[in-house]
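Note that the chains take the letters A, B, C and D in the order they are written out, and that residue 1 is the start of every chain.
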Amino acid sequence: MPKYTSMAYGSWEEMIFGTAKHPVSIGFGPVELGKKHVHPQIVPHPRPGSEATKAKILKEYQRMTEDALSHCAALGFPSIVIEFEHIYQMTSQPEWAAAIFTQAKAQMKEYYDKYGLKSALISTVADLRKPDMVNMRKCQEIDWMLETFDSTAANGADVLSIETMGGKEVFDYAIQRNDMKGIIFGIGVLSSIDMAWLWPQIVAIAEKHGITPGGDTDCARGNTAMFMAGGFTATDVPHTVAALARGCSAARSLVAYECGATGPTKDCAYEDPIIKAITGVPITMEGVASACAHAELQSNLVAAVVDLWSNEAVEYHDMFGGSSVEVFTEILGYNVAQMNAAIELGYAKELQAINVASDKYRDVHGFMLSPDNSYEIGKAIVANVDSYYLRAKAAVLKTAELIDADSKMLLTDFEKDALAKARADVEALPDNEADFVDMCLSEYSKVPGFDPTSYGF
Amino acid sequence: MQKTVNDLTNFDPIFIRYDIKIAPKKRDAADVSTDPALQAIAKGVVEGDEDMVAEASKAAIASKGPQTVIDTLILGMAEVSKLWDDGVYYLPQVILSSDALMVGLNMAEEALGSAVVKRGTVVMHCAHGDIHDIGKNVAAALIRANGYKVIDLGSDVPEETVVQAAKDNKADLVTGTALMTTTMSAFHRVAELLTQEGINIPVVASGGAVSEEWVTSWDRGVYATFAKQGPEMAGDAAAGMSWEDMRAKWNLVV
Amino acid sequence: MPKYTSMAYGSWEEMIFGTAKHPVSIGFGPVELGKKHVHPQIVPHPRPGSEATKAKILKEYQRMTEDALSHCAALGFPSIVIEFEHIYQMTSQPEWAAAIFTQAKAQMKEYYDKYGLKSALISTVADLRKPDMVNMRKCQEIDWMLETFDSTAANGADVLSIETMGGKEVFDYAIQRNDMKGIIFGIGVLSSIDMAWLWPQIVAIAEKHGITPGGDTDCARGNTAMFMAGGFTATDVPHTVAALARGCSAARSLVAYECGATGPTKDCAYEDPIIKAITGVPITMEGVASACAHAELQSNLVAAVVDLWSNEAVEYHDMFGGSSVEVFTEILGYNVAQMNAAIELGYAKELQAINVASDKYRDVHGFMLSPDNSYEIGKAIVANVDSYYLRAKAAVLKTAELIDADSKMLLTDFEKDALAKARADVEALPDNEADFVDMCLSEYSKVPGFDPTSYGF
Amino acid sequence: MQKTVNDLTNFDPIFIRYDIKIAPKKRDAADVSTDPALQAIAKGVVEGDEDMVAEASKAAIASKGPQTVIDTLILGMAEVSKLWDDGVYYLPQVILSSDALMVGLNMAEEALGSAVVKRGTVVMHCAHGDIHDIGKNVAAALIRANGYKVIDLGSDVPEETVVQAAKDNKADLVTGTALMTTTMSAFHRVAELLTQEGINIPVVASGGAVSEEWVTSWDRGVYATFAKQGPEMAGDAAAGMSWEDMRAKWNLVV
């Protein structure tokens, strides 16, 4: 697999929301990602109980889709991307998934024909492999997943994406212990290896059906760290450690694009600004509207270089203003209208500066994801092409360095100590992958369920 | 120089005026009668012109008899409904037409010496504790204009009052409107009281707070989305359709 | 009652979000409205069933308040205003309301003491008078309302507000018939008269307790028209007629400030940009975050000159990301952070231009509420001080004229016709209030329940 | 010139760093023993240093006997909990301390020739169909570190397996974690199966998807918000507190 060795952009200033170096067109219209404007992406989630029968789940998806489309027509939104993040029953039953996608695509066609509403459909297959319970390469789950990629690609999906699980067992152990070694091993090495094994298969399926291989996210690790770090009142994981884990995430999520994924990336991949700086693919981000799914400390800032703007996932239910899907379609639609209005007025850079100012110094996570710092972390990654390990380590160290160097990025004493310790720990790690892997394979044999053969060791 | 919206000409990336894209072609109302005297009545209804209807009805009652006038009024209103369905008419035009129709109808009934036989009887109300009555009023106007007897109990109506009215008037249908999540549960109680009284009719529930899912979770409940569904629903109930069949027809049920 | 005869601002360009001519300080901190920055306002609504007992409703309000405050602390929001829009059981039981306000205020104090989180509490008493069912000046409901104003003012409320109901009976009849005469009579005359009777009493209660008399809204009429007009796929009320009704709303809501209310205004008073242009009071608006309560066609634009940014009302329930109160506090908080970041960067005018560009030509409602047009409508109002009727009529005609004059404001043929007819109808109305009132009293005697003595006729 | 965040110095109107405002004063762990040999053990626990604990425990087992070592380990862990409660420690420090404690405990138990008598037995699991196990793992570590026997059934555990384990181990408490709204209903079934089996113990339910309201709507359910509540809850159950009393203590119920 070739690795990225240079940046897609000459400097961070060249990066702006709505425009990507390598645009992608999907669905009816088509929806053009990265070609100057931003588009909204709604991610609806069915209610508990609706998965009981195929008829019920189809009805649920029909309603959710109808709500999204009709609300766009009612409010004048020019385009909508709908992502179905599969529930268990969809991925494990490829024919359910096929029926759900067929139905949604027909609804989208109807709105395209009647109103000219542009739309596209993303199939995010659930990675059902739990690394401490199955062999990642040989299990029932992987068969289901590949089949469902195929069945949804054949039946209306415009984009295939996933949130892969590799390295999760080691990462979970490590994040609970502020163990940077395990974090880098889990994210930077194991997850990268898993992606390099799985992604060519996904790309092949997408190519077979002439659709788009989208992207992957470090959700299972990077977001776990970020959510555990939580807000200013939480004391589960230091925010600085979560930010370092995120640096690592970028080195790891890059593998999808090295395997042929083209974007749109996955919404919850907060590492995407770094991915965009390196690859130039259009990125999907979730920000203020993803409050429905989780709290975060950089909800405005992540709009700085976004191409597709999402809400993460909202469970279907009634609110005063309509269904939750209508409500969040509306919020996303107006967010996007604001961004596109800025673009049309020639104020994109001003709006970017505003959104960055909102959150760059709110928390270290926003700090490192601000376009300037993302760009620097990207440079550290592409300068270290020798191994997955080394580029992950470089990303972590660059992240730490940036935080340390900016006097406006305030930290509590506790966070400062955690950062210093993490940095020292990482600096002490071996200089080459083989040594590092040896060390980790022996140390993490104590992690329940960790099976090196899952990764081809 | 500060740039403003005035510097823009192309808004397509920001919003699309779907209303303009889908605007139906203007269309004149179709004639409902070749007889100019009757067509004048229908025209009055179509244009929502009470004076025109009064004048034309007066003449036609004398020359053609009240029943013909009534039939014409109803044909005029049917044309109005068609125009609304096609997006040519908006609600206010329909309401004005229904006002006009009532003027003619009252005149014709007076001439007949008795009220026209109604197509059925509908008891309507807003939920106990709820004063949001516009949707109910609109639906009532439409149902009435389509030849049904409407007993409008108003808003904030106790459940017992609703059931009593249904009993007293041998209603074919009860409808309830609620805009607040705190009031809508009254409809379920209305339905249960009806059962207790042995009155086997459907309860159509509607209004902003009310969801199809909830309404179809208890016996007798049939959910309505739009006021314009009212007349046909009244027709179904008057024709003796069971609440189960009405629900199957009008609601998405799995 | 003196009437406003001039504008608070020299031109619309002087108007900007965050700053008002006549700032108001409320609550712990205090929260300074109109003194350069915007603040978030969350409006939580209890779940059905929670009103069953006093203990239950207290618990519900405790949770909702806690969620709002703790989320601000977790995410670093500097301030929060909480509005309780009374449910029936609060206004009709002044001692329930008192207990709820006492409890919330204590919670706010705790967060102020521990974190320095600034906060304030608004008591919006429910106007329980339904004009076709009671005499507006002599009924049980008015006694409850005045008592509850007093009990909440005495027990923690920082601001008293209300959404009054005058003229609703005539308006409802008229809006269903595109009857501009009835719309002007209901909103411009009857509702104004009702406010002029009620508001001095509210102001007196606020003064007695040393708190702030906030504002009123044309919700019962202007918002009914706007919501019935709906989106681009609705055919209930022409959008142009709803916009004309809104012009009228401004003439009417002004009465509160003439009676001594100082702002913050009511969030759902979409006429507030006009009110601000005339009076200079800080205004509360609801926009993109009020999707939880209703859809609208100007969600970004209404931020153009806002001082306090609200979500309208969200029913309490669980979402993936926490409770709905947490979710919407978060959305509001980030919206406000964006606005304040723009102010700090010196990009307030740019952000204003962006938000206006998003919606000015989306629909006539946004068009007339854009700061330039709001200002013009305000001028028409203050130029017509002779009577409530004449200024309402002037506002309507100016609104129509502005829509007609701007070739970028596209209309369907149907909307154009509706506008032309409405304009002609209004132009044909009498030149003085006495004639107009005579005409209306006789014509609207047919409206069920309309009782002229309710208005002192 | 384009202005950027770098031109700003005062962020107070945009956000407030409450974490800095409320940061607790750094504080050293208090000594738990005046005996240097024992204090070394406690220090190892407090610092989460497995090697230090191993070394110090080895020496002290020989000189003071295993029970004294065990007591000291527990005192050290208590100090860790205090530091966490005060915001001085974060979760990873607690987990590392608990890892270190387990090292010493295992050595002492080996020397004793038998497992220490546990304060009670807790059966823990993630809901059937749910693989989100971090919260459960954290809680398990804390409960274990506080001297309870933990039967960790892992994730995606069928209801019957949970109940069987409770039976087999004479558990004082069952806990369940669920992060998905589609899986949490399993806890209610677990509670019902326990009742059927006549096992009268509380079911603590927790995890992102789970709400206090829902958990307190069925018998046996007690809701937990934070993992750190685990040890005290285990203590309550082991002391024989009924689920009704536990609910009253831990949950807001009206």
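As a working rule, a residue touches a chain if its C-beta (ideal position, glycine included) is under 8 Å from a C-beta of that chain, and two chains touch if they have at least 3 such contacts.
Computed from a predicted model, the values in this text were never measured in an experiment.
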Neighbouring chains shared between chain A and chain C, ordered by label: B, D
Farthest from chain A in C-alpha centre terms, which chain would that be? B
If you average the CA atoms of chain B and of chain D, how many Å lie between those two points? 61
In whole angstrom, how far does the Cα centroid of chain A sit from the Cα centroid of chain B? 49
From the mean C-alpha coordinate of chain A to that of chain D, what's the distance rounded to whole Å? 31
Junction residues of chain B - those touching two or more other chains: 3-5, 8, 11, 14-15, 17-18, 22, 181
At least two other chains touched by the same residue of chain A: list those residues. 73-76, 232-233, 315, 320, 337, 340-341, 344-345, 347, 350, 353, 357-359, 362
Mapping chain-to-chain touches, which pattern fits: line, ring, star, complete or other? other
Looking at the whole structure, which two-chain pairs count as touching? A-B, A-C, A-D, B-C, C-D
Report the residues of chain A in contact with chain B in the complex, numbered from low to high. 36-37, 53, 55-56, 59, 63, 73-78, 114-117, 318, 320, 337, 340-341, 343-347
In the complex, chain D residues that touch chain C: 3-5, 7-8, 10-18, 21-22, 181, 208-209, 211, 213, 252, 254
With touch defined as at the start, can you tell me which chain A residues reach chain D in the complex? 47-49, 51, 87-88, 130, 133, 172, 175-179, 224, 228, 232-233, 235-239, 241, 315, 349-350, 353, 356-362, 370, 408, 410-415, 418
Could you please specify the touching residues of chain A with respect to chain C in the complex? 45, 70-71, 73-76, 230-234, 287-295, 297, 299-300, 312-315, 317, 319-322, 324, 326-328, 330-331, 334-335, 337-338, 340-342, 344-345, 347, 350-351, 353-355, 357-359, 362-363
Help me check something: in the complex, which residues belonging to chain D touch chain A? 2-5, 8-9, 11, 14-15, 17-20, 22-23, 26, 84, 87-93, 95-96, 99, 129, 131, 133-134, 137-138, 141, 154-156, 181-182, 184-185
